[in-house]
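Residue numbering begins at 1 within each chain, and the chains themselves are lettered A, B, C and D in the order written.
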């Protein structure tokens, strides 16, 4: 079902950008696990709007209220529901879009799919706002994974063609801008500011790393780690591509270059390189799991664009005002970690069925 | 579940490379639909081994035998089971691999996941052989989609860095080599022959197009067309990346470049460009659905590679003999179409629940 | 997943008896369907506590607040979330039960399953309170089914061995007590009052009828109508049995008695009797779908019962005070209709995939 | 999906009575588990036709051939496919039934559901023959459960109103007729012979017991043990009712009678009675899990019955000749155990996710 994820956990996400709330129901957290609320809020703050110059001016506390499944900070084992109120909504910004769909946005396809009954304000169910409950779920699972020694972190790999340099082997979350190379980060910020000033937008690529995964997670064929992660990551609006390990570049290389030779150290087996991104046959091999996701430029831009009036089928020129991020990539960074955590935690639960009597 | 796919159809794939058979069970085909067996066999022949110089010498008829769900060429509406016998297996080729895993292959992770109980001969359940039943399912669905005017076709987009040119707007299946530009195809074939001679292998990228899809297929969030297609495509061994429309390149562009402007013609709405690959918000917009998948170079190569003996944890040098494709890309082409058909047909059935009283 | 239901719709139910709210997320309602809120509230009032002499004194408005998926009374097509606040909770009533489980209640098994971390107040996630969100979902679907001419209604078939008489062929919902024979209903009420006075409780059987179903709903084997309805009905606490049509009595009869002979009238096919309860091979035959569900007596009773102290493993005598229904059967009546509606609506959506091009 | 079962295992069943084979695919068996083939064949022999006087004369070896997922008697961890050939089929027996549906059988509903494209010979996908692959799956799981000390066994509780006496606390499988009281069994056999002679049939009730289950299996609401078992049991053709523990009788009793008082012995907690059938709140309490299922009389009888010709809508009188069991109950006994094993094993795997780190 569309807004549900998981085989061993079950996540349901609901809400529209301007409905009373957005929220999520998450089943499958073991009774007795603890939640560090402050840590969750810090995680959510990373995707919250209005906190940095490159993001929309819409400001909302985005603090989740838990309605069930947790008591005194301890999960009870039953479904966890958390809601986030939508308080700062200006539906009038969207009056024009009811008839004239934004190029590159889901306005048009939502109109077709829902026969015009969708709640179109703010992008409705297709709004980036829906990543807030996804980050609540992901933020919880990231904590549970950390309890088992597993770390998930990420960086901006490129924006508008500017590539970060260096290797992602530690979190960038505490930095002012989440790149490994701060100078490259500054260049990216400058480019974003330039695009904002021009009424335009820009996209980029995010890289994610999951460290300390045990070997043996995931399943062959349709439930490999790539399948699971891709299914979660493409739920984030604007994602149009994903690659694992050496990905597209590796595909154009030779086997002798792309294969990762095995070696052992102290009785544990490693690979010398990690072109596989930690996944062979869909199953983790104990090396870092790495992937990169392509995030398209924000479709809502001030520059005039050709569209059509869906009622009259006549041409219409659109200049999107409202409050929109000139670059969604920085706010998408924690969402990628959340999506990765969904897939990893689900696979970890699945693995328990195999390893335990 | 790992080897199952679908929400409105249900596909289960079973078998190991050297088990008595590989096969599939497919539920959800409407009673009364007809099968053109010859057409299915022609489709399956495109992935069959042994028919062309760039593929393995293993030869098998690969003709599916239907055990249920079809009578006199008409589907009965109940689960369809088809099996393909494994006749030409030489398990002795694989004796060494039981202890020394091939770099880049699932030998190692299968050993971990199944505690050494896997049927390792020929790659077992991880073998490319498992794409045969996937192509049976996909080949059936491609026929059903064609009955509704939907065409799915593809081409080799690149091999070893050699890029095809031209636009994919018609099938390449009847060509000697499935590129748009035959000269580029010849260069790719030459490169494959060169790698084979060198005991090496090479990978590439495949592009797929689904034409004449109605707007409105797919669902938001976790069941968007990207999610559905990615889940199916990553089931094909060796796939390490996927991108839709302008994909990674589009991610590094500006909104003013990447957005697809709308226009209308004769009361129908189109976009001037198709950087979205026919998908907005996870839902088809009526333009061609396009994606590219990265296929890594075949890991089994004759060149010596470093590995380890899993029993002794000592270093071992491996030179894979056996019969292996120096480039799996050409045989993966119909598999991509099959995977796409799974996702599209499933979404089409889902859409019926919304459009009909 | 435990608290989720459905293949073509997806219902997730969350909440504990004394958590901030109980609620539900329902996916799969077609965009454009309308909600009659007053009708929904009247439906919910039938299961609400505190309204009649035979029920608990706990009083709550039980009015659902919709957080998403509906705008101006029209469903938007995206997931619908509704919550009901838990306002009138007295957790102190439950202090003793944390250690001494009520015989016949889930206190003990919850303790085992959740390792003592469950929210035990009021029965937690096992409380009859969780049928409130189930009735929100069911109440919505009953309206949608009525729009297609399908009626779901029910009656109390027996309480404490007192059997209703007459045939269920029209709703009993508007009656003071939902039996066909009012005199029998009065006897049942007298028995309930007697058991309440004695500090005891009593159970009974509910009969449900779904009228005007098209033939052809449901699927063979694991998704027959019996399977679907049973899965939904056993989600209602205290249900311990279900039978369709002639059920257990029919099982002890002969084929010549139990078979329903066919006849036709005006080109439509009927059966002379309906021992099949409208279901053959799991699939509706166009006759009334009928089933009966066994509801055990409320386990929480004032009479002293033997239990154990789970900490000390010593014997403890329990007399449950709190506010508890001496007979849950009347309030379970709308829950049965809700469960039936879940199954029927899901099957109806599934049937659309088969009947439409 | 209709012919699939399970959350932690996944069973797909395929085949028609007269298709080349019936069979099953079962995912989720842990690598390294062993199969005792002889034991499986003995289990299957209990449902095989033609072995006893009360069953049909159709004779088939019913020996499953494994196509995947097992090697040298050890499960590999990947999907297990087993097929059983349909060798002894006489389709001519069914010519008349294509137009004139048998009262009480799925002939009519299959015609509606599949628009006349179903394989109607022998009941097609609705045939009792489909319980053979279900028993293959169940027979495997029963062995795995026995390895963990869990026993599943059953008895005929009643046939045609003749009740067995005594308590079900040990298997009856090795008896000539599976009742506790042999005299009652002899009376049942005499009744079956009488009905056969009269061209009629008779139904009955089967009781199942699962012993030594750990407390804590199952989940609240839609995945309680009752829900899971009911979903599996109603997949067996002719089942029209199910009750757990004291069931319908308990429903008409008082709380003070029906509640099972707790006591402890040597630090373990028990109940004095077991009216709950080992399940509280959907979750096992460590007592015997018990249920009874109502099996209707075989609809195919020689006595003339009123039906209609579906093409002309004219009245037709039907006397079913062919080979049919006058009482399906004895052969349904192992099917009940198989269905129970599916539910229990699935719940056991689910529990591993909660109990293990």
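Descriptive notes on the structure:
Just so it is clear, a residue touches a chain if its C-beta (ideal position, glycine included) is under 8 Å from a C-beta of that chain, and two chains touch if they have at least 3 such contacts.
A quick note: this is a predicted structure, and the numbers were derived from the prediction, not measured.
In terms of C-beta pairs in contact, A-C outnumbers the other of A-D and A-C.
Using mean Cα coordinates as chain centres, the one most removed from chain D is A.
Chain centres here are Cα averages; for chain A and chain C they lie 39 Å apart. Our note on geometry: chain C versus chain D, Cα centroid distance of 26 Å, whole angstroms.
For the pair chain A and chain D, the distance between C-alpha centroids works out to 46 Å. Touching of two or more other chains is recorded for residues 1-4, 13, 28, 31, 77-78, 113, 125, 220, 354 of chain D. Every residue of chain A that touches chain C in the complex is listed here, in rising order: 1-4, 6, 10, 12-16, 19-23, 25, 27-28, 31-32, 65-69, 71, 74-81, 83, 113-119, 124-125. The part of chain B that touches chain C in the complex is made up of residues 8, 28, 30-31, 77-78, 148, 220, 349-350, 352-357. Within the complex formed with chain B, the chain A residues making contact are 1-5, 7, 13, 101-106, 108-110, 112-113, 125-126, 130, 158-161, 195, 200-205, 215-216, 219-224, 226-227, 230-232, 234-235, 237, 239-248, 250-264, 267, 269, 271-272, 275-277, 280-286, 294-301, 303, 305-308, 310, 313-315, 354.
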